[in-house]
Each structure stands twice: as C-alpha cells, then as structure tokens.
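Per-chain residue numbering starts at 1, and chain names A, B and C are given in the order in which the chains are listed.
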Amino acid sequence: PACGRPEVDLGQPSDWLWQEIRAEARRDSDAEPALASFLYSTILAHGSLERALAFHLANKLSSSTLLGTQLFTIIADSFSADPDLWDAVKADICAVKDRDAACTSYSHCLLYFKGFLACQAYRVSHRLWNQGRIYMALTIQSRVSETFHVDFHPAARIGKGVLFDHATGVVVGETAQIGNNVSILHHVTLGGSGTLAKVRHPIVHDGVLIGAGATLLGPIVIGEGAKIGACSVVLTDVPPHTTAVGNPARLMGGKTNPTQLK
Amino acid sequence: PACGRPEVDLGQPSDWLWQEIRAEARRDSDAEPALASFLYSTILAHGSLERALAFHLANKLSSSTLLGTQLFTIIADSFSADPDLWDAVKADICAVKDRDAACTSYSHCLLYFKGFLACQAYRVSHRLWNQGRIYMALTIQSRVSETFHVDFHPAARIGKGVLFDHATGVVVGETAQIGNNVSILHHVTLGGSGTLAKVRHPIVHDGVLIGAGATLLGPIVIGEGAKIGACSVVLTDVPPHTTAVGNPARLMGGKTNPTQLK
Amino acid sequence: PACGRPEVDLGQPSDWLWQEIRAEARRDSDAEPALASFLYSTILAHGSLERALAFHLANKLSSSTLLGTQLFTIIADSFSADPDLWDAVKADICAVKDRDAACTSYSHCLLYFKGFLACQAYRVSHRLWNQGRIYMALTIQSRVSETFHVDFHPAARIGKGVLFDHATGVVVGETAQIGNNVSILHHVTLGGSGTLAKVRHPIVHDGVLIGAGATLLGPIVIGEGAKIGACSVVLTDVPPHTTAVGNPARLMGGKTNPTQLK
C-alpha cells in the first residue's frame, strides 16, 4: 500500500492504525502519568480514529463564541460520510510518520503536528465548501489560521499522503492544487500573481518537495517529483524531476531528468 | 470616496457599512444555523460597528489573566473617542473587501481576517502609546503577536486603507511608517538595521505593494506606488512607481516610471 | 558578569533581578490599574522569579486537556532542580533587555516576549528529554509551537544569553546547536538537509547574529561572531567573524576577519 503498512482493510473501525495509536497512547500514559488524562480523553475514550481526531480538532478550533460540540459534529460527520476524505487523513498520518525523521509515533503526529491537524481541518472545510456551506468553510479556514498558523483556502485542492512539516506560515491560495505524496516545509506560499484568470495559483504534481520559505506565485505547473529549494521564488513552470533553486529560481536538473535552464 | 462606496456619512451609527454587515450576518445565520449564535453575539447583538468590533477583538485578545471586559472598554472607548482612528478602521475594511480577491463580504473581513484584526488592535495600542499608556500598549502588542502572529510596534505609524493579506509573521518596527492604501502580504518585515539614528525603520509611502516574505531593513524610503517583489531584501530607497525584486533587491522600473538600476 | 549587572548572587530568591522585576510590576500596576490584577497574579503574588515564570508559562501552555497546575509543577521543578538551566533563563532575560532596543524593562521581556517564553519552555523540554521523558518533552514542544509559533526540537542544544527577537516562525531542528550570546531574528530556520548522518542540523557558535528569514540547512558550522544577513540561504560553513549574505549565501568578510569568497 501507499504508506508501507501491511495490506489490511483501512476502512474498519478496528483497523491496524487505530489499534496502533491506542497501544501508543496506553504506553505513553503509563510512562507519563501527567499526560494520562489528556491521552484518555483524546484517544482512549473514543471508539474510532475518526471520533478521536474530530474531538481533538474540535477542541483546538473551538473558541468562546464557537462551540466545540458543534465543531465535533461537523468534523466527525465529514469523516464518516466521505470515505475518500478519510482515506486521505490516514494517508497523511502515514506520510508524516514515514517521511518526517522527527515523528516518533502515529499518535505523536495525530496529537501534535500542526501541519497535519491544519490539513485535516482543511479537508473538512473543502467538503463544506463543495456542499455550498461557504461561510462554515471560511470559519474553519480562519480558526485554522489562528490556531495552527496555516492559511489553506477551502477551495484549494490537496491530494493524499501530504506532509506539511513545521507548518508555521504556510499559505495555499484559492485555486492552488497539490498532488499526492507532496512534502511542503514551513513558510511556503502557493500564491496568486494578480492575474484575473480562472486559475491564478500554482499546480503542484505528485511527489514534489518544496523547501522552507519557498514562494510559488501564479498559475504555474510544478512537475511530478520536482524539488524546490528553500527560499526559492518560483514564477515559471518547473519540469518533472527537476530541481529549482534561487531568487528568482533557476532550474538545476535532477537525478532522473537533466532539464536545466538554457 | 476612497473605497468606492456611495458618499454617505460614515460617522453615523446607522451608516451603510454597519447596515450591510448586519444584513450579511442575518443572511449567513440563516444559511448556517451552527454559526447563528456566534454571529448574533458578535454582530447582531451590538448597536454599532464600533461595539461589535471591540467585542470581537476583546474576545480574541483576552486571556486567563487579562479580562475581556476590560479590553472591551479600552477598545470601544478608543473607537468612539477618536474619529480619525475610526475612519481608518472603516477604510481598512473597505480595502480588504476591494483588494483581496478571497474576501467574500465585509463581515468576512470583520470577523476572520487576522491581518485586519491585528491592525485595528494596533490602532488602539498606538493611541494608548501616544497617551503615555505605554504598558497597556505593549500588552496589546504582545497579545496581538500571540493571537494573530503579527508584531506591530505600538509606536509605528500606519495610514488608512491598508491591507495585510494572510498576515502571518508580519513585523513592523518602532519607527516604521506606512502610508495610505498600502498592501502588505504575509511574512513581510519592516525592520531595523542596527543604526542608532532616531528613525531606524522603513518609511513606506501611499499605494505601495509589498509581496510575501519581503524584508525591508533600515531607514529607507519606499516611494509612492512602488512594488516590492516577494522575498526581496530591500536595503536602499526605492523611487516612486518602481518595482524592486531580488535578494538583494534590484530596481526594475515600472509602468509609469522607468527608473532602473544602472 | 555576562549581562552587565552588578556582581551579586543570582541564585538567591532575593536576587536583584527579581527585586527589579517586582519594582517594575508595582510601578506598572500603579500607572495602569487595568493591568494590576494581571501583574499581581503573575508577578507580585509569587515568592520567586522561578515560580512567577513557571506560573506564566503554565498559563500560556495549558489547554482544555492539559492542566496548567500540572505544567506549573513540571516547570517550577525544572527551574529549582537545575541551577545551570536557571542561570540560562536569567542570562536570556538580560540578553533581551540589553540587545533588543524595543525591550523597555525586565518584566516586559518576562511577560511579553514570545521568543523568550518559547526558549524557556524549550529549556524545560530539553531537560525532560534528557531524563527520558520524551513524550512530555514533545508535548511542550507542540504547545510552544501552537502558542508562540516557534518550533524548538527538545533535543536541540541552546546556550545562555540567547535572544530570539519577534520569534514568529523560528524552527530549530533536532541536532542543531546554538552557542552563548547568539541573536536570532524571526523566520530563521536551522534545518536538516536530508542527510542521514548523526548530526544533520547547523552548529552555531557563540555571538552569532542571524537576520530575519535566514535559512541554514544541514550539518554546517557557523563560526563565532559570524553574521548571517536577512533571508540568506546558508548551505556551507561560515568562518568566525565573517558575514554571509544572499541566496545562496556568499561570504563578505567582516570587521575583524577579512574572510571572503574567492
């Protein structure tokens, strides 16, 4: 399977990922009693990973004027009603665990990685947006920006198995598209360039890696497997399997494709 | 008028902007009952836009040790006592609605744009600073940095109709000046350069656009209508209507003024 | 002493720094009654600086599922049990007061500087990490990232008298090392470069200054007293007392060492 785990039915409430996360929570509770209450209420008290994550996100995103109970219902309903969305959530947990050297366990990602949490809240907001619940989608976008410091427009499209590492300051604009198995570091912007065209933000294909602080502007296409160096400013297309670095970015070729700037 | 609305008396409690925002809140309440309580308590329960915004900011900036009721009084008093400050607030709402393609309504800006909210809290802190209430001004600066991830020094000077888009990570130093109708993206720094001179931060004139991640350092002057590219590092003056891009920034000329680096 | 104060025993509960901070709190309470309750509960009610800072950090880092009282105990115990850690806290307060022109008093730093607060919470997490309390250390890292927008890995090593100015978006990776009297601006990354070596993040020696937005990647060494310009991308060693600027960074020499790129 995509994330290197045994081929089991991920859709069951008793799937291996949820059992693994519960085992981790029990182990960490035993090792650190001061966190037992938190781990119990956030993981062990719940009957499924869907409900545990909905509970955790609702707690994080609630405020004095936005009830956590309402958010819980909206988020849990989205997870249970949309198998495709839920598959993406699970693929993201696996992506963080597999690709981030600092991730120690699945529950570490589930509870503590603000890029992961922001992305799952975005997935809910995207579903609401597509259902015409524009204002609720924008409400979630705003709370995600306040809570996790990541600004995902609900209309943006983000694939599965995506890693947002560190995450502070990431901005993904309204018509941006991100493929599967993309890794994006903190301070990355997929922004507009002032065009009035229908698509005015970048399209990022599968397997791309975007370094910290890189700024990609306008309706450009980043080809599959491309790498964008830290703090690069990218205003033009980048071919597949090609590295782009610098301000403005120049193409450097890559291991499997020697495309270089003429 | 500056923001393209009919020429009406903006100073009245019954002004068109407040009526428009109330109409939006009623419409969004009807469409999304889960938000009705939030929209009622934050907008519809109040007799004026001044009090609605003061209530919302006080809720956001309060903490377990800083009472929202005290903040509400300080913010509402600043709005009602200082017509010039209040004109700037209204011009900022219009600027966001007019210049940010992702802004769907005035209430969307009022409730959800952290750059807008941070700027209005700054305006209150700037007034307190000028009144000699230094410590309260610094308290608000700190809470704004924690809540909205924007660090506006209370002594900085910011004009009217200013748009802070996305806003995460913006830093505006103590002696910086920002003119009217300026647009500033996220991660922008108007910082010091170590000089001990009285003015040690940039002066940004009317109508300037500063792209994401641009860093402007020292007592430099950015001329009216200039454009600063994303991630540029600007250490020297930029003439009016001129574009500066790169690290370090080079001048590129502009549509109405061909100034270029020799 | 390191931070320019009279040579007194900093280890006593009655040390000059604590007395100075209490005097500031009384002065600011008198001048701004709206803050008296906050200043009393956060500073004046406590018998020592250790307990005041532990109380303030616990308030900031607590959440609906993580009790402030538990955090207070963990943080206060770390401060009182580890004199070396506590010396570093005091050196950091002095560093902010001495080196940040915008810092008006010791209590201003203590209460309001999120770079300072994030660093002290990191110091506690680092101690827990070294004691094998990995999950509690990661819990604090996560809450610091959410609350102060700074991501310090608990295993990173940070010296004394360090200033994190503005602080939003700072990322310090797992094997990074920061010496004494280093100054780091906002949006700075000490990140990995994909190597699988044991040390995969930068080593920054004493007295280094790193400008806003600079990104340092990989197991590189930044020599004592070096200066890294804003938004520089540094992928190679920088000799002592040398300035590096640009993307990618080039060496510019320095006042006391003319090392330059050939």
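Throughout what follows, contacts are C-beta pairs under 8 Å (C-beta built on N, C-alpha and C of every residue); 3 or more make two chains touch, one makes a residue touch a chain.
All of these numbers come straight from a predicted model, not from anything done at the bench.
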| query | Going by the contact rule set out at the top, which chains touch both subunit B and subunit C? | reply | A
| Turning angle required so that subunit A lies on subunit C, C-alpha fit (0 to 180°, nearest 5) | 120
| request: Could you put a whole-Å number on the gap between the CA centroids of subunit A and subunit B? | output: 29
| query | Listing for subunit B: what residues touch at least two other chains? | reply | 149, 168-169, 187, 213, 231, 247
| Which positions of subunit C touch subunit B when the two form their complex? | 28, 31-32, 34-35, 37-38, 41-42, 59-60, 68, 101-102, 104, 108, 111-114, 147-149, 166, 168-169, 185-187, 211-213, 229-232, 245-247
| said: If we count contacts the way the header does, which residues on subunit B are in touch with subunit C in the complex? | reply: 63-67, 70, 74, 133-136, 138-139, 141-142, 145-146, 149, 151, 153, 168-169, 171, 173-174, 187, 189, 191-192, 200, 213, 215, 217, 231, 233, 247-248
